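Heads up, there are several structures right after this.
In the two complexes below, subunit A is the common chain; its partner is subunit B in one and subunit C in the other.
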Partner chain A sequence: MWEKLLNLDRRWIFLITAICVIIPFLFPIGFPTNVTPPTQQIYDKIDNTKPNGPAVIVTFESDASVLPELYPMATAIVKHCFIKNVRVILMSLGMQGVGIMQMVLEDVKKEFPDKKSGIDYVLMPYVPGSGIVIMRMGEDIHKIYNVDYYGVPMDSLLMMKEIRNFSQVSLVVALAGSGAWASWVVYANQRYGASVAAGVTAVAAPDAYPFLQTHQIIGLLSGLKGAAEYETLVEDNLNFKTKKVACIGMDTQSIIHIVMIIFIILGNIAYFVVRRQKKNVS
Partner chain B sequence: MRKLVPLRICLVCGIVMLIQFFIPHNYSQTFFQYALDWLIVCGVFAVVIGLDSNFRLHLTRIIRRKKGWGYSLITMVAVLSVAFIGIKFGIGADSLFMKIYRNVEVPMDATMFSLLGFFMASASFRAFKAKNKEATVLLIIAVLMMLGRIPIGYFMWDKLPNLVEWIMMYPNMAAQRGILLGVGLGAAAMQLKILLGIERGWLGGAGD
Partner chain C sequence: MSHDIWVWVAAFLTLSILSFLYKDNPFYKFAEYLLIGVALGYGIAVTWHSTIIPKIVIPLKEGHQYHLIIPMCIGLLFWARLFPKYAWLSRWPIAFQIGAGVGIGLPLILQADVFKQIQGTILTSAILNNPFNAFSAIVAFVGVVSTLIYFYFSLEHKGVVGGIAKIGIWYIMIAFGAIFGYTVMARMSLLIGRFQFLLHDWLGLMR
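On to the complex of A and B.
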């Protein structure tokens, strides 16, 4: 029996995984989320930003493959900014990220229809250059971005008249599925002294901890859990009721983690039993 | 000449930019801003060169009917048609370009990444075995991490998320910092080798 289990067709595992992923999405359980300090630090920084004062930059440095983890982070942060009347600059150093930020904006604007482009937020277009773009922003944002995503001249945007470089930026939240967020640490934080926070996929989170310890990033959102924590903070502290996509995702993640632990335990039991049986035979 | 000119440009620009960083004078700052503008222009050309290289690669595959040439054809058609749609009809929120992006590219990308979950589940069953001491430590930490990152772990033991955070903040960070230091020193050495013309791989074959 154990040998049979050890050689189990992996399609059964795929089937069990699929069921465990789909069911919690259809019937959310609603596990409560505990908030970790790295998430709390980002929340506090944005929460303490002066309304209609310095801006928060939210930048998406990945393609669409990491959307399930990073998209809820982006929406939760932008919602938080809109609730607190904090100005937001949405951008990306990559080609695909700009489209994603536009999607984030459209989604959030459904709940904040009174928020206006150029007054409450600005969506930046794609400019090639990656790290160079950050350095140019540190000198003068208007020099690198002449127009916004919709083609409106930067100088005519009310909000951007006061925002010229990182001195008028409260926080940069760099969302990435890889180490791309580190460009913001190297250029914006080290060269221009901007406060930077990172939002990364769970697998990329361990890489960010050395920067957290040295305060080169002021906070960290780790994977879907980080997004769920931020959604919880926004709902609990600001009494803002909304669909918590990451929290629903955490139900799935909880179940699938348990299933994987069961797989590991069963796989190990089968492995040792079969090994002992083979030893006894020989 | 083919090697010498780029090598000299690299040497001069590298050293000038290096010195500039330590001089907070007006002239130095103005030069830095000019350099940034130049680099942006170079970045734009890099996109053009990238596209050109991409087209050459796939066109060659299609013309010579190399293995998998059909995929190259799909790539070419996709790139050209999406570019045409974007240029002709715009890239606004409700444009066809954005509809293609939202309804084709985003689900395809997410699907590819989601497949990882299934392979990880299969691998956890087949490959994650406590065969020796090191594997056992890895396995225990992995299970702790998986439990500590989900609400159920918090219910099982309310200190578990703190323990996981401690693992990330200390043992993990110590290892990561060691790796980062190695990478940083390696990068500095490599940059010096490029500036001095010892490393010539970036010349794209011209340095051979």
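On to the complex of A and C.
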């Protein structure tokens, strides 16, 4: 039996995984989401930002492959900013990121139709250069971005008349599926003293924790769990009812983790039992 | 069920990619090649409209900023790689990029990744005042020192050095476990995202 288990066709595992993913979607359980301090710190920083004062930069440094984890983070943060009337600069140092930020904006604007480009938010176009772009932003945002995503001159945007560099930015939230968020720590935080927070995919989270411990980032959203925590904070604290995409996914995440643990335990037991049987035979 | 044709296209492509889990097939290959082609085409279009037109063509044509011809020519040397006889010319822009990149980035990267991290490992009296912080700081300190000793190969791993290196291995194993756990979480999140799309946006089975 144990030998059979070790030689099990992996497609059975895929099938069990798929079933365990589908069932919680059709019959939601509603596991509670506990908010961790790194998420709370980002929330508090944005919550304490003066309305219509300094801006919050939300930057998406990845492509579409990480959307399930980072997209809910981006929407939850932008919603929070809009509820609190905090100005937002949406941008990306990558090519695909700008298109994704436009999607985020269109999605959030369905719930905030009165928010206006140039007054409440600005969507920046793609400019190549990564670290150089950040450094130029530290000097003068208007010099690196002459126009916004829609081609409107930066100087004509009401909100951007008061925002010239990181001195007028309350927080930079860098969302990334790799180590790209670290560019903001290196260039914006180290050189210009900007407050930086990271929202990363779970696979990239272990690399980000040392920067949290040294206070180089003020907070951290880790994967779908981090996004679910932020959604919960926005709904519970601000009494804002919205579709919590990440929270729905967390039910499935919890179930699938239990299944994975069972797979790992069974696999290990099978391995040791078969090894002992082979030893006894020889 | 969705009435949007693009949702159907996305659902078809998602199922095509997932079909690889059963076995390799033409649908998977089609979706894979399409992704590569679309990503490349998107990149070219974005570069053209966001960089070449506003950063080179318009400033040259309307702003008469002729000094931009110099970096443009340096950039064009990258294409020399396509001609074996002149491929050596592509080393110039590469050298420029490496030189500028290292010059700009190195001091800041050292500051952010090395000095600040070393600073974070140093046990100060302020940290040791709080019992929880003190415990965390000691765990981090022992972890950094023992792991570094494990990777120090100029001394044989025997006696005290060997003992500390063994502690280092334990730390590394725990780190691997944590990274693996996070990796599983990340990969499952991607699967969850796709199923959420299929069940909600495409089939309309979720509320």
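One rule holds in what follows: the second predicted complex is superposed on the first by the 282 of 282 C-alpha atoms of A that agree within 3 Å, B and C clash if a C-alpha of one lies under 4 Å from a C-alpha of the other, contacts with A are read in each partner's own complex, and residues count from 1 in each chain.
Throughout what follows, contacts are C-beta pairs under 8 Å (C-beta built on N, C-alpha and C of every residue); 3 or more make two chains touch, one makes a residue touch a chain.
Small disclaimer: the values here were computed from a predicted structure and weren't measured.
Of the two partner chains, subunit C is the only one that A:Y187 touches; subunit B does not reach it. Of the two partner chains, subunit B and subunit C are each touched by A:T17. By the touch criterion defined above, A:K50 lies against neither subunit B nor subunit C after alignment on the C-alpha atoms of chain A. Once chain A of one complex is fitted onto chain A of the other, the partner contacts of A:K161 are absent, as it touches neither subunit B nor subunit C. When both complexes are overlaid on chain A, the residue A:Q216 reaches subunit C alone and has no touch with subunit B.
In the superposition on chain A, A:K116 makes contact with neither subunit B nor subunit C. Within the superposed three-chain model, A:F25 lies in touch with subunit C and out of touch with subunit B [touch as defined at top]. When the two structures are aligned on the shared chain, A:G267 is found in touch with subunit B, with no touch to subunit C.
In the superposed model, A:R276 lies in contact with neither subunit B nor subunit C.
When the two complexes are laid over each other on chain A, subunit A has residues 14, 17-18, 21, 63, 65-68, 96, 99, 127-128, 132, 135, 202, 205-206, 210, 213, 222-223, 225, 253, 256-257, 260 in contact with both subunit B and subunit C.
The touching residues of subunit A, when paired with subunit C in their complex, are 11, 14, 17-18, 21-22, 25-26, 63, 65-69, 95-96, 98-99, 125-128, 131-132, 135, 146-147, 182, 185-187, 189-191, 201-206, 210, 213-214, 216, 222-225, 245, 248-249, 252-253, 256-257, 260. Across the complex, subunit B is touched by residues 8, 10, 13-14, 16-18, 21, 31-34, 36-37, 63-68, 96, 99-100, 102-103, 106, 127-130, 132-133, 135-136, 139, 143-144, 150, 202, 205-207, 209-210, 212-213, 222-223, 225, 250, 253-254, 256-261, 263-264, 266-268, 271 of subunit A. For subunit B in complex with subunit A, the residues that touch the partner chain are 32-33, 36-37, 39-40, 43-44, 46-47, 92-93, 98, 101-102, 105-106, 109-110, 112-114, 117-118, 120-122, 124-126, 128-130, 139, 142-143, 146-147, 149-152, 154, 161, 165, 168-169, 172-173, 176-177, 180. Subunit C meets subunit A in the complex at residues 21-22, 39, 42-43, 46-47, 50-51, 54-55, 101, 104-105, 108-109, 111-113, 116-117, 119-120, 140, 175, 178-179, 182-196, 199-200, 205-206.
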